[in-house]
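What follows is a group of structures, each given as structure tokens.
Heads up, the next two complexes both have chain A, just with different partners, chain B and then chain C.
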Partner chain A sequence: MRSGVRWLLLPVLLLPVGWLLFANIGVDPRTIPSRVVGKALPTFSLPTLDGTTLTDADLVGRPAVINFWASWCGPCVDEHPVLLDAAQRLGGEVQLVGVVYQDSPERAAAWLRRYGDGGWPDAVDDGSLAIDFGVTGPPETYFVDADGIIRDRVVGPVSTRAMAEGLAAIGVDAS
Partner chain B sequence: MRAWVGPLAVAAVLALGGILAVAAITGPRAEPVAQTLAAELRCPDCQALSVAESRTAAANAIRAEISAQLAAGRTADEVRQHFVDRYGSWILLRPASPLAWLLPLLAIAASVGVLGLWLLRRRPAPVTEPAQVDDETRRRLAREAESLDG
Partner chain C sequence: MLPTIGHAAIVVALALSLYATLAFGLGARRRDRSAVASGRHAMLAAFALAAAASVAMMASLLGHDFSIAYVARNNATTTPPFYSVISLWAALEGSILFWALLLTGWSGLVLHRYRNRHAELMPWVGVTLALVSAFFFAVMAWPGNPFERLTPVPAEGNGPNALLQNHPFMGLHPPLLYLGYTGLAVPFAFGVAALVTGRTQAEWLAIVRRWTVIPWIFLTAGIVAGAWWSYEVLGWGGYWAWDPVENAALMPWLAATAFIHSSMVAERRGGLRVFTMALVVFTFVLTLVGTFLTRSGVVASVHAFTASSIGPWFAVAILLALGGGLGLLLWRLPALADRRPPPLAVSRESAFLLNNVLFLGLTVVVLFGTMLPMVVEAATGERISVGAPYFNAINAPLFAALIFLMAIGPALPWGGTSWSTIRERFAGPALLAVALTLAGVLLGMRGIAQLGTLFLAVFVVGVLGDEVVRGARSRARTRGEPPPVAAWRLATRNRRRYGGYLVHAGICLMAISVAVSATGARQAAATLDVGESMTIGGYTLTLREVVVEPLPDDARVIETRAVVDYGGAQSGSLATAQRDYPSSTTPIATPGVRTFATEDLYVTLLQADANGGAASLQVFLNPLVAWIWVGGFVVVAGAVFAAWPERRRLAMAEVAAAGRRDAPASVPAEGASP
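Moving on, here comes the complex of A and B:
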């Protein structure tokens, strides 16, 4: 009987350890799961670099890609060609939107002149929109479907493959 | 008379410095609730720093958001939840669930318990009695020993 209790203890001790090990297989430990994926686009109204105003209502009705970037962000330079390529290939099918993160409009505009202005609106954030998206640092890219629901997030520079996966999540075929 | 001017000026400067120091210490401070919340939240773009400790633009934005939320009448719990809803529980520097604190203690207690049980139940090796040798065998062995010696 006592021996039976001892053998019962073994799974009690091993199961939680096994669960901890196997539950996280395939999870990238460097990325933190986003809490806003699956939620509606937050309400916002921000000035843009070209002097207009961008609101959340402007993004509803068409799939959108929202990219948080800054002129001081090195990886933003690496990903910029991917964004330019997506804008050129997809045209009006997707709305690309930049959000200038912790930066001055002057430096952001100078950066665009240097690396290429894709022609999409760039909103200047005072920090509140980054909080609403749970941004941990640029670059971060969010994929929003036509109903205004955030469907995917890419932390770090967006690759061609990540762009295709993100677009697929919002119903856009990038192939 | 002129001999007093120097020490008097030094005394005046020291007194002014003291007054300024006291004013700095007792002057207006950030409200305690906002300060406590800022200390509980992780700065998103720092390494192991709270929002209260960091001076990055992201930390400044979060501090401003905390103050705005509190000014709008939200409770500390609601403000904390506001950030957890956006960043996840990662934003909290201390785990919200008391289980996270209890679990290591429970694991240590269980380990000590299991080890103690194992030590208590470990049986000593059985003591074996020396084999009984009867007189006849003893005499035979003595004879054999003598024959070997001879």
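Moving on, here comes the complex of A and C:
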């Protein structure tokens, strides 16, 4: 190597490293934006607990709330009353959908008997829908507007306030 | 009183490290031995002060002195004494204090041990170590003051992070890891000294080899202990998640391992010298990167401390270490360039060269995967995560190639080899590996990951075993010793070689266990009522009872425990629990793990309904996991064996040191080693 040229290596290496080190300081890594918010609902066709089939087409035309859950999931118990309440009060305006995540239909059905069946369809996912949505773990809830565009996402149990905000994002007034 | 003493100790230690930097620098320039001695004494005093500050912090934690913000955040009146003491390294500021303690400890040890030897190198070693120590003390004097006061003084503290008071391994994993991290400043210091003085020949390598192996032992033990802790505590059934901070520990380990190997070529054959020097610099920089990742709040991780203002300090330190080390390397590049071209033959040199390329490749792959989310976010503001599939897919073949090299490298002669040697050395082990792999198929092992790893591991152990037997036989014949005695004497007289073999064998054991446990694990989740059962892989698990009660040694912690009876190949019962800590909003899992020779039964409690007597369980059947830890012990034992000082050699070193006090003493040639 020519004697002078090798010194170019120093800025070539140090400048990007320095930029990288300083650029991320002060950004909170815990807020994770979803990649599906703003996108259209993925296509799917899944069996439901009561033996019918649910497809994405069934959800277009009316705002929808899609809730991923499992019978082995603790926080799902905590959020269930919020979902039941929303279904009861707003059942005419918004379609609730459960998606059973990594669980057997029998256990899911038993869980509903124990904690209350709100009457909305529960699709049994083979895992592909959860991947399309980018679900990290149950419970996770997605708010889809009447045009089939995903507008909001709640990771973890849905609080009353998060439910109201999510519904507002899809044009449903929860108050 | 204690916090005042602690803070004062840190400020004085900072002043002493800065003074030592100047004294060593002056001593180097003017060849003034008294200035060097003064610098050394200042560093020993800095170590004593760091120890005093650490003791002050431990005493404050034990005494629950909530006037110190750190104690109030990480301790409570109910915290058991053991977890109070180890809270020294459980959070940001305390861990930096602990870091400074270990760093000055290593520095004092090295400066004292070589005080009468290597007169050219040691002042610059001192400059480097004093400067690095000064940086850590400065961090504690300004942005990360562990003794910062809190007013008004709260009556009760937050208590330690719930995850970190759940398992006694917290007393072991961080200190081991930190001993490894901080110890790697020593080879860096010698590298800098060699570059500054231009004494880049074998002298510094001979010292640094051992001073890299020693921190490497701690780093290895720390990483294995961390994986073990994660397995026993976190309750997700795994032990390695390619978490940014795990990677931060793995990267310096990979770079240090590459260095240990390339330095053998550099020392014995004069090759790979630029590479070796660059690795010393990168290893140290990577230890700082690990600190930066955990302590600046840039990554989300089980290890990440809360976001703090020390990020920019570490960013600057990384740039200075990288820029300084690289600058010196570029300056000395003409003198370092290899005099002999790298051999193209099938030889031990080329095996080492390939080994280094692979280790560097692994480091780059891990670094890229760890940094990519940061790059993408800095450039576009988007969040991505790089998951285990990326790391597994790219690293697995590289590791496989390394294991193959572990077999052939040590058995190849330096310089070149012939086909007959290759046949003689490798045909037997290869046949053995084929036979045992077929046996593995019959035993039910499947897939390229399991069978390929088994083949390679048996091949390596076969070649190494053959080497040992061959050597022991020849010694037994020529000296008339019984074969076991001959084998032991052979090993203890060539510690580096045979210790290295043991390390390789341990890595093979770990590799098989990792391959099988990663690809052969089974899992199931179910909600059981009391008396109900579930099955997994031949085991039947029955929920016996659900108990909710406070912990006996800390009543503020409520434990929800499911007792499960299991039957099958083994039978018994285990308890799996969730603990609610006042300092944590989410309950902390305490998985129930039963370890058998061939598999672990691993039960995590996801949710329990104490009134109804039901529990949601996640059950894993993890094959061979226990052998990963056994392999880790073998690796550490092998490395300790290799680094153990030999009596004869030590005696010679003392004579040499006494004989020529001022001369740059040569370290006596070590035994015929790889």
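As a working rule, the second predicted complex is superposed on the first by the 144 of 175 C-alpha atoms of A that agree within 3 Å, B and C clash if a C-alpha of one lies under 4 Å from a C-alpha of the other, contacts with A are read in each partner's own complex, and residues count from 1 in each chain.
The definition used in the following text is that a residue touches a chain if its C-beta (ideal position, glycine included) is under 8 Å from a C-beta of that chain, and two chains touch if they have at least 3 such contacts.
All values reported here derive from a predicted model rather than from experimental measurement.
Enquirer: In the superposed model, does chain B or chain C contact more residues of chain A?
Expert: C
Enquirer: Please indicate which partner A:Leu10 is in contact with in the superposed arrangement: first for chain B, second for chain C, both, or neither.
Expert: second
Enquirer: Would you sort A:Trp111 into first (chain B), second (chain C), both or neither based on which partner it touches?
Expert: second
Enquirer: State whether A:Ser128 touches chain B only (first), chain C only (second), both chains, or neither.
Expert: Touch partner of A:Ser128: chain B, not chain C.
Enquirer: What is the contact status of A:Gly137 with respect to chain B (first) and chain C (second): first, second, both, or neither?
Expert: First partner only.
Enquirer: A:Ser71 in the overlay: touching chain B, chain C, both, or neither? Say first, second, both or neither.
Expert: second
Enquirer: Touch test for A:Val36: chain B only (first), chain C only (second), both, or neither?
Expert: In the superposition, A:Val36 contacts chain B only.
Enquirer: Touch check for A:Gln102: first (chain B), second (chain C), both, or neither?
Expert: So A:Gln102 meets both chain B and chain C here.
Enquirer: Check the residue A:Phe22 against both partner chains and state whether it touches chain B (first), chain C (second), both, or neither.
Expert: In the superposition, A:Phe22 contacts chain C only.
Enquirer: For chain A, give the residues common to its interface with chain B and its interface with chain C.
Expert: Looking at chain A, the two contact sets intersect at 9, 13, 32-33, 102.
Enquirer: Residues of chain A touching chain C in their complex?
Expert: The touching residues are 1, 3, 6-7, 9-10, 13-14, 17-33, 70-74, 77, 102-103, 107, 110-111.
Enquirer: If we count contacts the way the header does, which residues on chain C are in touch with chain A in the complex?
Expert: Going through chain C, the ones touching chain A are 292, 296-300, 304, 307, 311-312, 314-315, 318-319, 322-323, 326-327, 330, 333-334, 371, 374-375, 377-378, 382-383, 525-527, 606-607, 616-618.
Enquirer: Which of the residues in chain A come into contact with chain B in the complex?
Expert: Touching chain B: residues 9, 13, 32-36, 102, 126-128, 130-137 of chain A.
Enquirer: Residues of chain B touching chain A in their complex?
Expert: So the residues of chain B in touch with chain A come to 44-45, 56-58, 60-62, 64-65, 83-88, 90, 110, 114.
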